[in-house]
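Note that chain A is present in both complexes that follow, paired respectively with chain B and with chain C.
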Partner chain A sequence: MTLVAERRRETAPRPHHPLRAEVVRGFGPWAGAAVLLTVVVALGADAGQWQGGWAETRERLHMVAGMLGVPLALAAGCWHGGRERRRRTGELLASAARGRLARLLVSGLPLVLWVIAGYAVAALLAWLATWYRAMGDSPYVIAPLTDAAVLASAVLAGQVVGRLVAWRLAAPLLAAGAYAGIGMLTYDSGDNSYAPLSPVVDGMTDSVPVWWQPLAMTVWAGGLAGAAVVAYAARRRAVALLPLAAAIAAGTLLVRTGDGLWHTDPIARRQVCDTSTTPQICVNARFERLLPQVKDALSGLTGRLEGVRNLPVRFEDRPGGPARDEVELPMLTPIGWSVVRGELADPREYAWAAGMSLYGRSECDDPAPSLDAVDNAVEHYLAPSPLEKDFDEQLAERGEADRARLKDRLDARARLRAMSEQERRAWLSAYFATANECDLSEVPTL
Partner chain B sequence: MTDHRRLDARSAPALDGPLLYARSRTVPRALAALLTTAALAVWAADGLDAYVDPQRRVPVVALAPLFAAAVIGTSLHTASDELDRTAVRPWWRRRLVHLLALTALTAALLSVAVLGHASVFGPPAMIRNTLGGTGLTAAAAALLGARLSWLPAFGYVSAVYLGSAGAHGRSSPVWAWPVRPGGGTGAWTAAALVFAAGAALYVVRGARVEGPRA
Partner chain C sequence: MSTIRVTGLHVRHRGTVALDSVDLDFGPGVHGLLGPNGAGKTSLIRVLATVAAPTGGRVELLGDDVREHRRRAVVRRRLGYLPQEFGYYPGFTVREFVAYVAWLKEMPAAEVPAAVERAVARVGLADRVDAKVKTLSGGMIRRVGIAQAIVNEPDVLLLDEPTAGLDPEQRVEFRELLRELGGSSTVVVSTHLVEDVAAACTEVTLIESGRVAYRGTPASLAALGESAAGAGVGDNPIERGYTAALRTHRASATPALEGTAR
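What follows is the complex of A and B.
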């Protein structure tokens, strides 16, 4: 008998830790799946606008986590917080040996784990999608970590609200309120000095925060949630003043620093150049791997400009305006327009835009009509617009004046084409010397 | 027996079936929440200056019906499920009237918020979103339980609201119905189908029984 009992004791499975049941069962997995689905749908719906750019991916993830994840985490926490009330097990738990704080954390932390896991999987999927089409740069890890800390704080704060408020609509109301609150804090167009307190900072692809901003944001959000948890559940409630003081200090620091929280990303300040062409072609270091594509797209244009003088030295692509002797490369950002998923959407149109940036009389009050034909001939020769044929047809269908204008344009194009190589190079050199002149007499005729 | 009935009639106001049903589903509280939602929507839409840009109405047109749908969804909860199942009469008529009446009232109340200057995000968009949102919560009430019925609708609508900015695909009116302008056929069809499916599911099956472990 003794032998049998001993053997049984040896083979009996070890009882699981109580936390295990909290982690693998109940609402946690559902909340994690809801966060994952929400973030994936929101990201997937406009993948063309972030896929391929690491900074764009970071911004999109950050925005979705703040605008959707935080309200959802608050609501999930609030729903979960009302569990004991719905099960009517509050009194039973109150008789447990563990204190209130331990009981709150045992039910709250598994939910935190699932919500963060849902966000982490969504972030990994977004990173994979961008890595597959990456144009340069590298992943940004700190921002998703900060977002995860903010999400965890939201779950815990929601948990406390759920314990306190016995109302079926508390959770959706909390979510809607948080959504509206964060939206107003972030996008209020007035003098909004409290914007740095928002977990969302929108549209900063060329900028990165100072090193301590993620820390301050974590302390701000975590301090508020910690204060709520301690005030609700700890034996000595006055201790809640500590996390509250930390949150207020971090919040004050964020608000006082304001715009100083952000500075231009060092990698966005650099550019990568191909010096074998005329003009040279530079793209921002964030899109380093796009340089061969841009060079290919502009190869027709740069080939025709070989040996021509008075041209800008290079197409530049840095934040801010071009320096002297430089012109701006047609915009690569915001991605989703000329660049989609790591590829130039329309190389012909891109080349046309690059050609147009070499000469411009946009500042002229009233450029002479005959300049129109000359400029158009150059445009046609270097890199015609994909819509050129349509424009010509429109002119031909309109009144007498437009038909005459079209005829001038066609004549000028034919004259430029008829020149010998050398003659054309000399003429283009003279033309580019006056590319921004408004005075007809300065511009060489065709 | 007759004495008992007389006694009851004297001691409490006589409540017939529909009123008792409404009370058991906390419909009065849901009505109060819907009225508050509509008032808030009117206040929010008023401050948007939508004549500058009709797109400014999108937050109100997407979020107010969403919250109203959450109110309707949670009102489908019954605290006396086992007792209800012993009833002789079929429940589907009451469920249908309950859902349709609250949806119609919400659509009418919320449309007031976006009346006024002709705008692409006017009453039609509000009515469509009320239908779609209520359809989602009704389906969730049947599948998940009424008290948590707001969760899938919140996830879906808010994800579409953020993600639809860059959606230009041919299928986008169908899945992005909560943020489309009012007149589009695709968005209307999608929302109407969601409502029909959700309402049918709820009316036939009722809200999912929520055990003590919910």
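What follows is the complex of A and C.
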């Protein structure tokens, strides 16, 4: 032990704020890694249902951050809040000139930083995954920023709980309670007027929140956490009423507004079209880059319809129903069914579905049996179902009536195929003029 | 001149009286607090460290009444405290931990790096300044505790069992450090080890059952041991003086036995 005071070094090292030590040592990096891992695993488990769609990515990130990230952040904050008790530093800290609030923030903010960093990296990875397969649209930045603010609030609130509750199980129980509470708040099937207070609730993927919703959600979550922190750590505890009042005001605004918090995304109201085909093909602007694939998938269908009259003007893809001279493009959403990771999963099936939308008689109560053969012949000619052969085999193996039905279908297909190009165009023009008729007499014979 | 003045101090701890009507004052120098387990030494140190509030009486530190928040904060900047149960962050390096305490004491940021190096060097850990605390031995961790207590070169230094865990050589060196610190500061050391008191303290206060049983110098305590033949037991005069003073206090109807020599 050297007992004589050492002379000052010529060049003293640069002073480091204790925040630096708190950032690089201890629990923070682990908490950040846990958040990163949790979010990445949860997103990766069903990547096919969001990758490629920016709104879908936003929605899934938001859901994972709220349902899993918030409980994890609360638990991390709670565990870290109990550090002084576990390390028995409370006695030393109690003699410090620094106030309790400064001490709590220096201890808690690095954890906030790590948790947000973990979420930010996960969000960037998700964005990267979507960017690689993006079909249009652009990243939604505000939602992850709101999620980050909510996560930060959860860490600080957990920190206060951890300092107050001297129980090792406090952290996991807090996480479990938060998970159940958020789940009930979000998905309760009863009167759910309080759902807008949930950090999970979001609109549909073609919706965006009103501009002030992220702000209100941040004030709601941040106000509650701020009130807890101030009530615990500030010398003038009554000041906690200020953030609490802000939280209550924001929460009231969210609840009162309810469904009005979301409106259709302007980009989702637009569509982009290829007008070189018959019918024209339009896809929602959110999936602009999918248009060439859709056009390719429908090229057989549209090629065979060249010169045919009485067709809808276009396949449309906007929220709401089609106009009178339009038909709805087969659904591209939800992602994960017909579109997976920016690719049409089964172009043949998609083309068949598009064809079916042209000659559906779904509103007929009891269409005449002979119409079945005519419709089937058109279906076979334009865009047959990938399962057509299976259906035919099933009919062949069933009773007499089904075998007769199959024979009618095969005969009709042969007759349509045997027509000359010009003759077929004329017949199809007549057919599509009656595509929605339920009366056999209106439909041209085949 | 007294830097610590305690008047009519009354402290209750877990439902029992820990200190009862204690009047004490300490000036610059090294003051040993002796007494059996549960006598109230730690309670007194905690009150002086402004960690525990007294239930009665008045405590003045460095001329300020520490009941008032702002004055307490001012005093705390000039305090050094090593609790009996020293807690630390194992993942921090020695430098980081001592710097953290310097921040807690609101030291000017520009002065902290040099102050940390100085404090760490004074406890003989200069070569381990960038080692994580969890890699240190128990004795070294105790020295980290002393380093954090002296990083702000405190005017009042309160050490509760500082030599626990130190080996004999380290204790000898620590006593020398105490003497050096006592040259300019008021150092109050609570200990069970009377040899530490004999070697390093300028004054000794013996506490028994929450009351002051004896005040004097180590020399006067040793003299008491020499003179009170048969009244005290021990291997050396100061131990005999310690036991004699305790027994006299216990036998006495009066709460405190004042030393004859100050």
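The criterion applied here is as follows: the second predicted complex is superposed on the first by the 434 of 446 C-alpha atoms of A that agree within 3 Å, B and C clash if a C-alpha of one lies under 4 Å from a C-alpha of the other, contacts with A are read in each partner's own complex, and residues count from 1 in each chain.
The working rule: a contact is a pair of C-beta atoms (placed from the backbone, for glycine too) under 8 Å apart; a residue touches a chain by one contact, two chains touch by 3 or more.
Remember, it's a predicted structure, so these values are computed and weren't measured experimentally.
Judged by the touch definition given at the top, the superposed model places A:Gln422 against neither chain B nor chain C.
When the shared chain is aligned, no partner comes close enough to touch A:Ser441: not chain B, not chain C.
In the superposition on chain A, A:Arg88 makes contact with both chain B and chain C. Touch criterion not met for A:Ser276: it reaches neither chain B nor chain C. In the superposed pair of complexes, A:Ala96 makes contact with chain C only, with no contact to chain B.
In the superposition on chain A, the residues of chain A touched by chain B in one structure and by chain C in the other are 26, 87-88. Considering their complex, residues 33, 59, 63, 66-67, 70-71, 74, 77, 147-148, 150-152, 154-156, 158-160, 162-167, 176, 210, 212-214 of chain B touch chain A.
Of all residues in chain A, those touching chain B in their complex are 26, 30, 34, 37-39, 41-46, 48-49, 63-64, 67-68, 71-72, 75-76, 79, 86-88, 168-169, 171-173, 175-176, 179-180, 183, 336. On chain C, the positions that touch chain A within their shared complex are 46, 49-51, 69, 73-74, 76-77, 79, 81, 83, 85-93, 96-97, 99-101, 103-106, 109-110, 112-114, 117-118, 121-124, 126, 143, 148, 170, 173-174, 176-177, 180. Touching chain C in their complex are the following residues of chain A: 1-6, 8-9, 12-18, 21, 25-26, 83-84, 87-99, 103, 106, 235.
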